[in-house]
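In the two complexes that follow, chain A is the common piece, with chain B as its partner first and chain C second.
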Partner chain A sequence: MSIVSINGCIGCEECIKSCPTDVIRLNRDTKKAEILYPEDCQICHLCRMYCPVDAITISPEKSIPVIVSWG
Partner chain B sequence: MGLIMNKESKIYKLLPLILVFVGVPLLLWALGEFPKRSVFKELLSLIIILTFSLLLGQFFLTRTNKILVKQIKMSSVLKIHKFIGYVFIIIIMAHPFFIILPKFFDNTKTPFEAFTILLTSFNSLGIVLGMVAYMIMLIILITSFFRFKLHLQYRTWRKVHGYLAMLFIITATSHVINIGRYNSTSFSIYYLIVVASGIFYLLRIYLFKSTKKVIKND
Partner chain C sequence: MTESKRKNSISRRSFIALAGGAAGAAAVASLGLHLDWETNNPKVDIDALGLDTFKTEVLVIGSGMAGLFAAVKAHDAGAKVLMVSKGRLGSSGLTPFAKGIFAYDPAKETLSIDEFVAAVSRSALGTNNPVYTRQMAEHSLARVNELKEWGFFDSTLYNKSFSKPIEERNIPIQERVTITHLVKENNKLVGAAGFSIDKEKVIIYEAKSIILCTGSGGFKPNGFPICDLTHDGTVMAYNIGAKVTGKEWNDGHPGKAKNAAACYDGWGDMFEQKPGTTGIEVHHDLGVDMNYVAYTNGSPLKMGPPGSGEKTEVSGGPFVPEEFSRQNSKPPDNGDRKPPKGGHGDGAPPGMGGSIVGGSSAGMAIHKSEGLVPINDQCESNIPGLYAAGDALGSYMSGGIYTQIGSSLSGSAVQGGVAGEAAANYCKNVEISHISTSKIEEIQEEILAPLKREAGYSPAWVTQTLQGIVIPNFVLYIKKENMLKAALAYVEELRDHHMPMLRAANMHELRLAHETANMIVSAEMKLKASLMRKESRCSHYRLDYPEMDPENWEAWINIFKGDDGTMQFEKQPFNSWSA
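Coming up: the complex of A and B.
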């Protein structure tokens, strides 16, 4: 798992809109974002960067090697 | 030398309060299983946690704390109360800005955009509670600073101050429990115990002491 937790969510849905693989969904009861499909996370860090209150933590152990085009 | 000794003995007498309102939150933060972040972000969070718990401690740093007033002078108790009040209310007023501070180092959302989202998330109960608490805190700060310009009797002002403080602490604690980053069961229990005892402490003086006086007068 790469996306670890959401602490201090304000329910603005910015992370939900930014996630390209729909990992995060809004919990209708708590009105806060929650990690529903962690196995789909591509570690793009978009949710973390778009979160206005820095509530999302992504596992520091996981990393994606930078793809360099040589062609 | 005598002055240093006097200061040291005052700190020693304040030790139980320091332990409850600085030691316990520090311990809960250190032992809690919160996701690790950069030192800068952790430091900002820690400042806010300690500031909030010190403001909770204000309920016990008043003239109603007879034990403390006996140990150190009442004027000293009030000086500490005023110092903590003014300094830490200003720090806690800055905490929404602390939250968006890391956005200066990101390149997705500007701090202004992040702040706008923060202030317009009205669907979040935590945010609404935070705004209400912020307004009450502002009123407390202004009415304390301009106390003599209000032309209120001291007892009236003290009651207004106390009831505003109670309102603030209820809304602020609900805000912290609802959307606090470091909201855990242990932190919530700690806050609830402190808030309940603080309110009880104040109401005991406001309600029951005055009742006794009425009975005496009768």
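Coming up: the complex of A and C.
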């Protein structure tokens, strides 16, 4: 399911800035990065590679949204 | 309004608690379930959205390899430069994943530049513009040497090395800003407009000249890292009267059957490598040959390294010049070359052993074949002051097929530099124009429209529907008239009825809405150009016109908006400049 979790975030925002598809945002309360739009993750691993503390876990799996007539 | 506040809406919070935290939410989101599908509930206070205005001489849109050199060279030629990026310097678009850069080093190469250009032209079957092929080769070593100085070859990740020359020159850069409009007033290019996804602001840029370094695009396909590229530059420029080209060509990269959406895994360990240089090696690669085999014999295809003999023999299919046929050449030795097989334009994607699937880069043409039509060798478009470089410029540097490993990245660097200097010189003779208040209000309205809709279609659903229409092998790659027309009817429905009703609840979705609209326009261009080109050549294959037609089709197809707003097409003979 693409990007799975961020554990041990130090709030440096490197992953947020380096994600090409705006999947990750900063939680203003906790000051940590959180996965907000995982459906747009392209599984490119840039966030993980830019993370200085190796906090990000990514899975190669991704589900395709169910087909509906309008949405 | 902050992200955390946005997440605190009652329905979402209680839902996340039920689903067991972020991982649960991620799982449900990946199933396409949304809690607010009936109506649009904007989480953004539209009335409080701010408006910022910036002035510059040269506005560089995009921050990949082309944008880097456009900004640096425009600055060094004396212009005041501002760079704006939808993502981040060196970390968005295709640049971060391109690991091979071609450098023509006369001390090392056995082929002269003349011979190299001639070989590329033979492989490209006339579809290349030899002026741009030559320009890339001539300037490549100088650009590579500059990159070396900035530390480009010392790291897997490019943000730091790209930042060095930008910071040294104090070139301002605005990141995570989506540009949606190029602005023309009184028939003159006056600037651009877009929005920040973080600051929740509409931003207006007044500029003398603009360089589009916006990359190519696709239909947000699975398995190729271009889900942030949606032909934004091409569509914006088309909307103000620029001519664009190259829409019938196709990049034919396959993906892995297992975890087809995983770009990183599909490309082996390539994304983890430091970049390296490549030398001359002319091919005729990665068109739609594999798509033809799959269409004819069924899938799945198995594939090993190039030349391993696992290619299924089929009759017919895309023509490959004898001289460049893989069957007739020994498997390339990748042992001493950096990067290993798999750089842009190579014959075999890395890690592609086992079953493969088609369309990983669906919607993208051959690098440098699609984009704005240049009117000269200065990357200038038919709109005075508007330039494009890299994948945003239809320079036909290698034509409608891949001819050279690593030249795509090199071409972006070279063209960025050329465009930067040309734009700076253009600025010396023009005055900056002020964008009128009424124009700003009109654009602001268009930008924010998806947020203001009380109901409509989600960009995610429209995108998924579009993908289902245009990505199938029998529409996108192995083309024939009745299927192209059928697909076009669907795309026109999306254009006329759904595009005007795209909705967005926040700035993330606002970006998706504009990207979706651009993909629909691009789909129309691709289908109509494919219908028009009644022949097969390079990466354009028509099942109903399988042969090359030298009598009628020694020509590129240019697309532009007619006076009545409809999409118009014209032929431009190979080896000529657009009038």
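One rule holds for everything that comes next: the second predicted complex is superposed on the first by the 59 of 71 C-alpha atoms of A that agree within 3 Å, B and C clash if a C-alpha of one lies under 4 Å from a C-alpha of the other, contacts with A are read in each partner's own complex, and residues count from 1 in each chain.
In this text, a contact is a pair of C-beta atoms (placed from the backbone, for glycine too) under 8 Å apart; a residue touches a chain by one contact, two chains touch by 3 or more.
Nothing here was measured: the structure is a model prediction, and the numbers come from that model.
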Checklist entry - Taking the superposition as given, does A:4 touch the first partner, chain B, the second, chain C, both, or neither? => result both
Checklist entry - Touch check for A:17: first (chain B), second (chain C), both, or neither? => result second
Item to check | If touched residues of chain A are counted for chain B and for chain C, the larger one | outcome: C
Next on the checklist: Quick check on the superposed pair: does A:49 touch chain B, chain C, both, or neither? Answer first, second, both or neither.
Outcome noted: both
Next on the checklist: Just checking: does A:36 make contact with chain B only, chain C only, both, or neither of them? Give me first, second, both or neither.
Outcome noted: second
Next on the checklist: Per the contact definition in the header, classify A:27: touching chain B only (first), chain C only (second), both, or neither.
Outcome noted: second
Checklist outcome for this item: chain B and chain C footprints on chain A meet at residues 4-5, 46, 49-50, 60
Checklist entry - In the complex formed with chain A, which residues of chain C make contact? => result 2-5, 7, 22-23, 25-27, 29-34, 37, 87-88, 91-93, 96-97, 156-157, 159, 175-176, 197, 222, 225, 227-228, 259, 261-265, 271-272, 457-458, 460-461, 464, 468, 508, 511-512
Checklist entry - Hey, which residues of chain A end up touching chain B in the complex? => result 4-5, 7-12, 14, 31-32, 46, 49-50, 52-55, 57, 60
Checklist outcome for this item: Counting only contacts in the complex, chain A reaches chain C at residues 1-5, 17-22, 25-30, 34-40, 42-46, 49-50, 58, 60-68, 70-71
Checklist entry - In their shared complex, at which residues does chain B touch chain A? => result 34-37, 41, 99-100, 102-103, 106-109, 113-115, 117-118, 121, 123-127, 179-183
